[in-house]
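Shared between the two complexes below is chain A, which pairs with chain B and chain C, respectively.
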Partner chain A sequence: MPVVRLIAQKFAAATVTILAVSAVLFMAIEVLPGDAAAAMLGGNTTIEQLEAQRAEWGLDQPATTRYLDWLISALQGDLGTSFISGEAVTTEIAQPLWFTTILVAISAVVSLVLALLFGVLAGLRPGSRLDRMLSGSALVVVAVPQFVIAGLLVMLFALTLGVLPAVSLVPIGGSPLDRPAILVLPVIALASFGIAWAGRLIRAAVADANTAPNVRAARLAGLPEPLVVWRHLLPATVPATAQVFAWLISGLFGSTTVIERVFNYPGLSEVLISAVRNHDLAVLEGVGILLAMIIVLAFLTADLIGTLVDPKRRVRPS
Partner chain B sequence: MGMPQTPPPSTSTPVLSARRLSRRARTLAACGLATVLLTSACGSADATDAEADILRIAAADASGTNGLDPLAASAGASQMVIRHLYDSLMVLEEGQYRLELAESVEPNEDASEWTVTIRSDAVFHNGDPVTAADVAFSISALASPPSNRVSVYANVDLENIEVVDEQTLTIPLHRAGADFRESTLVVYSPVFPAGTTDFAEGVGSGPYRLDSHDDQTIRLTAVEDHWRGTPTVDILEITIIPDATARLNALKDEQIDYAVGISATGAQTIADSDAVTLHNGGLETAFALSFAMNQQLEPFDDPRVREAVRLTADRQALVDTALLGFGEPAADVVGGGLPGYSEAVTARTQDLQTARDLFEAAGVTELTLRAGEILPGMMSAAQLFKQQLAEVGVELVIDETPADTYYAELEKLATHPFQAFYYANRPAAVHLAAVTVETAPFNVTGTTSQYWQDLAEAQTIVDDDERLAAFTTLQNEFYGSGGDLLWGYAYQIDASHPRVGNVTISQGVPWFAAASIG
Partner chain C sequence: MTRHLRALALVPGLVVALIAVAGPWLVSGDPLSIIDLPYGAPTGEHWLGTDHAGRDVWQQTLAGGRPLVVVPLVAVTLTVLIGTATGMFAAFLGGTVDAVVSRLDTIALAIPAILVLLLLLHSWGNHAGTLIVAILIASVPFVSRLARAATLQAMNSGYVEQAIGLGAGTVTVVRREILPNIIGPIIADAGTRLAIAITLTAVTGFLGFDSGQANWGAMVNQNFEGMALSPWGVLVPAILLAVLAVSANLSLDRLAERMAP
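== the complex of A and B ==
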């Protein structure tokens, strides 16, 4: 299949996925009790004032009308305005999205590098003592909830040893990169799960590739082991590793909601929690769609990498 | 956008692009990445502000705003910012009503119109004097959407407010209200410059002015020539930390000096610590916790059922279990420990035999309680009360509702016969006038039209002593047959570094202008 056609198909599927995400988010917030008017006016209001606010915001319109109105604006590049703050959604979420992306990007790089190391070391000699030790440790890490790991990290590194901050306080008007210390514990909490989970999958891919004829032939030809691994084994694991990386990005963005809360990291989690609590549809849709786009892009990239490195998947079947 | 231009040092290492790296080199690169992170961490762990005249405070916030907008502020950090940035006409401090920006607030003969005179030495942070026109504008703004305090000013005749001179204005009411001071101005009356529609600059006349802020932190600096005198702390840095555990961790780690509102569990763990001081707000700043019965709905339209429910409760056990002892039993009327509380109102003691008899006489064997973790411990209290009701032969079904949506269902709040609820502990007169009147949004106890009439009459009595007596009668009536099983007061527990002192807490809001940092 020509690459261009493949890309076109993938983009079409991605568009459908993002539309589906927007519809599901809309329905999810519709079934929650209450609405944005009740959330904003709170207890200091009467039913009459509530109805007036609903009418002003168009919340008295049928759900399909409101969704289509929002969708048409979104397709024109306008993600709407927050009911609560009155700010444009793009303004409202730009900084938290950037901060979360910093956290996820660093965690993803750390996770992938160490997961590759773990996967290669363990997968080259399946069943060895090193493999059993690494795989067993990974299983333990995957089994422990991330908020527990985060809590233990705070207790050890912040409250006992005093070498790292317990919460992520960003300087006023600054970014987490201005105070890198605040990134360390959240990154370790996120990456520990990523390393363990991705490492096990990469280990399986390495163990599988290790038995391939070309790898065995290279060894029989007397090539040094590092060269065998670099030239013959690792390339065979690229498609699987790319998929693992895409899943990792998805998982890390999901996990930040817990980790950011524990460390008070000023990312998207508080925006999301606030949007759900306040029925702030435009903000929720904006965050949801942008995250969906990032994740879909990660999978799209992984698919393309898999296709490009595998000649059999690049050509139309005869 | 505010996005920094400097790329992160840790991600600038070209780990994956180095095609010719040996396995060992790649391993070293990975370790290097971790080292960069950890080294930068250790190097800057102590790089936070630690100057003696900065007080770093952390609190949660219910409003989703940063506290600069007095029309949108709610409980928590935003309310704390408002308190220090804006002067109010009146406040409740240390259990007493106090004039702040107002010099006098006096009614006419029938309390249908109030004359407010304000201080002449109050100045906004932009240098303009505070005038009666600013007060008139502020009241009108607070009383109109999108303000979230519209109901507080529902009785004010906005169109006929008259500015008499620079320092004086008259405020007419729709119906006579002799309790205007305590039921309205004390509840919420910040003043801001006339014509303000954008509160981003945070211009008030309070003892602190806005220095800088972002979505997470607000920095305020002391106003040296404030009419109250110069605040003792130069800079307040107020940070929103929503999670109580994170707030406590930040305090233990000395990233902050004062944590507003920590959990009872957290308070237990540090009660014996020398490194942290607990601040108990006591009754003045407590929350009153209730299982509210709607008197207009079955089966609570039968006074025997209401009395039976109240006699079933072991209030001390509820406080010990649900609040871990950080509270005290309550007596079915809000306002304990505050001005004007009736001496006849005392906490009922558990009487299971009488309760059983009353339930049997009324034919009640099952009740349904709508409950949620709207405050920590509320669900534990509901579960324990279920056991206590079982002892008198009544099965309690708990209809659990998520806390986030508990107050969003206004119709359900108005129509459910039995639900967990909580109130800020305010003076009884203020509470009854705000919560049990006909027009109250959350009249969850379903007070009757006769009660509304008695309350309205009490509100028109101009003589303070006579009005106090009338409200005492109302309290006694509500205590005798009202719809609240008010089982406990939950204290607000704050925590600070031991060097922080002289912090007073009023209505849940700490006041730092007179604080000391040792």
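== the complex of A and C ==
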């Protein structure tokens, strides 16, 4: 089967997944107790006022109608209006989403680079002292909750040594990139898990590839070790590494919520929590669908990289 | 020698688990009652001083560990059972069952776990049941996918076909041929699931959902701002949490090594 058709197929499958996620999210948010009209108007309102507010927001329409309306606008780039602030959801979440993405992107790159280094160093000689040391520390780091790591980091670097800020204050009208110091501790807290978790998986892939016939043959032929690793071993680990990177992106967008709370970082965490509190359906759906799209896209990319790199996978998937 | 050392490494974990499970019986009075000024230093009466609201840190430490042992343990056991069953049967039966299970897994994986947790906490409140369901939604698809891939691999290796050819029934094949071969990677992965489950359980306080009961996660969160005044309210629960999580992971890792075929 031609590669182009395979790629088109994978794109179609990803689109179906995103549509399904949007429907599931809509249903899940639909069954939340309480409603936005009551949340906004407060306790002292008459039933007529509530009804009028619901009618204004279209909440008196059946759920299917509202879902289809939402979907059609969403396809045109309009995610609706926040019930609470009255602003467009896209405007309201643009900046927090961007700030969160900065944090996640830096953490993901740091994680991947160091996880590759760890994976190669440990995986080339499984069972060696270096491997046992690295794998042992990775096990510990994976296990310890990230907010605990964050707390210990703050205690050491912010309170004891006083070299880095404990709170991530973003300059007004600026971005976190204007004050890189505020990113350091959140990135270490997020990437420590990423390095340890991804490193263990990449280590397994490297150890596996290390025993492959072509790698052995290259060694026997007397190629220098760095060349063996670069030309023969690493290419074999690309599909696994791409997959691990996609998992990393999806995991980081989840765990950043907690880390942002620890450092008071102005990202999506605040938006999500207040939207759940205030029953702000439009914001919840908007954030949910954007995150789902990022995650699905990450997996799609990993899948495509895996397919393009490995000729064996270009056949029709079973 | 190393084996004894590794066994010894599990002792702190057992001690912490004991504190967590038995602690609530040792508490004297209400651990959340205000007894002194905030962030007080340790005294003979209040061993670890007081927290941000002037409550006894040691009493809260005793009272606040049980949910962090019980909830993740129950949730991960259920996750492994459900995930293994769905993934294994999807691979074994193929066809529509496989298509449906795989599609559901993909959809569940695309929804951020934290969003699921927030929605459920808001709907049902901060209870053990809410947390267990949220952990299941976030973790079952992982295990299911892993079990499916491992089962497919086991089925391609010949002996499963042989067993079927010799007339073994589905249940026998699954129990005798497939399960022993896929259980190793699943248990190794369960360590990560457990770590995530402990984090999700401990994190509810951080996300602003108070359960109204003492909880190590909530202690870390609430006393964070006054860490410079008195570190015990953060340090003690944080270290206990870390020891608990690391020992649980080490034991699962050892179990996985032993069960590898």
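Note that in this section the second predicted complex is superposed on the first by the 308 of 318 C-alpha atoms of A that agree within 3 Å, B and C clash if a C-alpha of one lies under 4 Å from a C-alpha of the other, contacts with A are read in each partner's own complex, and residues count from 1 in each chain.
Everything below uses one rule, namely that a contact is a pair of C-beta atoms (placed from the backbone, for glycine too) under 8 Å apart; a residue touches a chain by one contact, two chains touch by 3 or more.
A quick note: this is a predicted structure, and the numbers were derived from the prediction, not measured.
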Message = Based on the shared chain A superposition, would you classify chain B and chain C as clashing or fitting together?
response = clash
Request  = Classify the contacts of A:V21 with the two partner chains as first (chain B alone), second (chain C alone), both, or neither.
outcome  = second
Ask   = By residue count, is chain A touched more by chain B or by chain C?
value = B
Request  = Pick one for A:A138: touches chain B only (first), chain C only (second), both, or neither.
outcome  = neither
Message = With both complexes overlaid on chain A, does A:L103 touch chain B (first), chain C (second), both or neither?
response = neither
Ask   = Looking at the overlay, what does A:V215 touch: chain B (first), chain C (second), both, or neither?
value = neither
Ask   = Of the two partner chains, chain B (first) and chain C (second), which one does A:R261 touch, if any: first, second, both, or neither?
value = both
Message = For A:V229 in the superposed arrangement: first (chain B), second (chain C), both or neither?
response = first
Inquiry  = I'd like to know which partner A:V154 touches here: chain B for first, chain C for second, both or neither.
reply    = both
Request  = Considering only the touch criterion stated at the top, classify A:V276 as touching first (chain B), second (chain C), both, or neither.
outcome  = both
Ask   = In the superposed arrangement, which partner chain does A:I29 touch: chain B (first), chain C (second), both, or neither?
value = second
Query = Following superposition on chain A, which residues of chain A contact chain B and also contact chain C?
reply = 32-33, 154, 159, 261-262, 273, 276-277
Ask   = Considering the complex alone, what residue numbers of chain C touch chain A?
value = 103, 106-107, 109-116, 118-119, 121-123, 191-192, 194-195, 198-199, 202-203, 206-208, 217, 220-221, 224, 227-228, 231, 234-235, 238, 241-242, 245-246, 248-250, 253
Query = Inside the complex, what are the residues of chain A that reach chain C?
reply = 17-18, 20-21, 24-25, 28-29, 31-33, 139-140, 142-148, 151-152, 154-155, 159, 197, 250, 253-255, 257-258, 261-262, 272-273, 276-277, 284, 287-288, 291-292, 295-296, 299
Ask   = In their shared complex, at which residues does chain A touch chain B?
value = 32-35, 38-47, 49-50, 52-53, 84-85, 94-96, 98, 102, 105-106, 109-110, 112-114, 116-117, 120, 154, 158-159, 162-167, 169-170, 172-175, 177-181, 183-184, 187, 226, 229-230, 261-264, 266, 270, 273-274, 276-279
Contact set on chain B toward chain A in their complex = 1-4, 6, 8-11, 15-16, 22-24, 26-27, 29-30, 33-34, 37-38, 40-45, 47-48, 64-65, 74, 145-146, 148-152, 212-217, 219, 239, 241-243, 245-246, 249-250, 252-253, 255-256, 401, 404-405, 407-412, 414, 439, 441-442
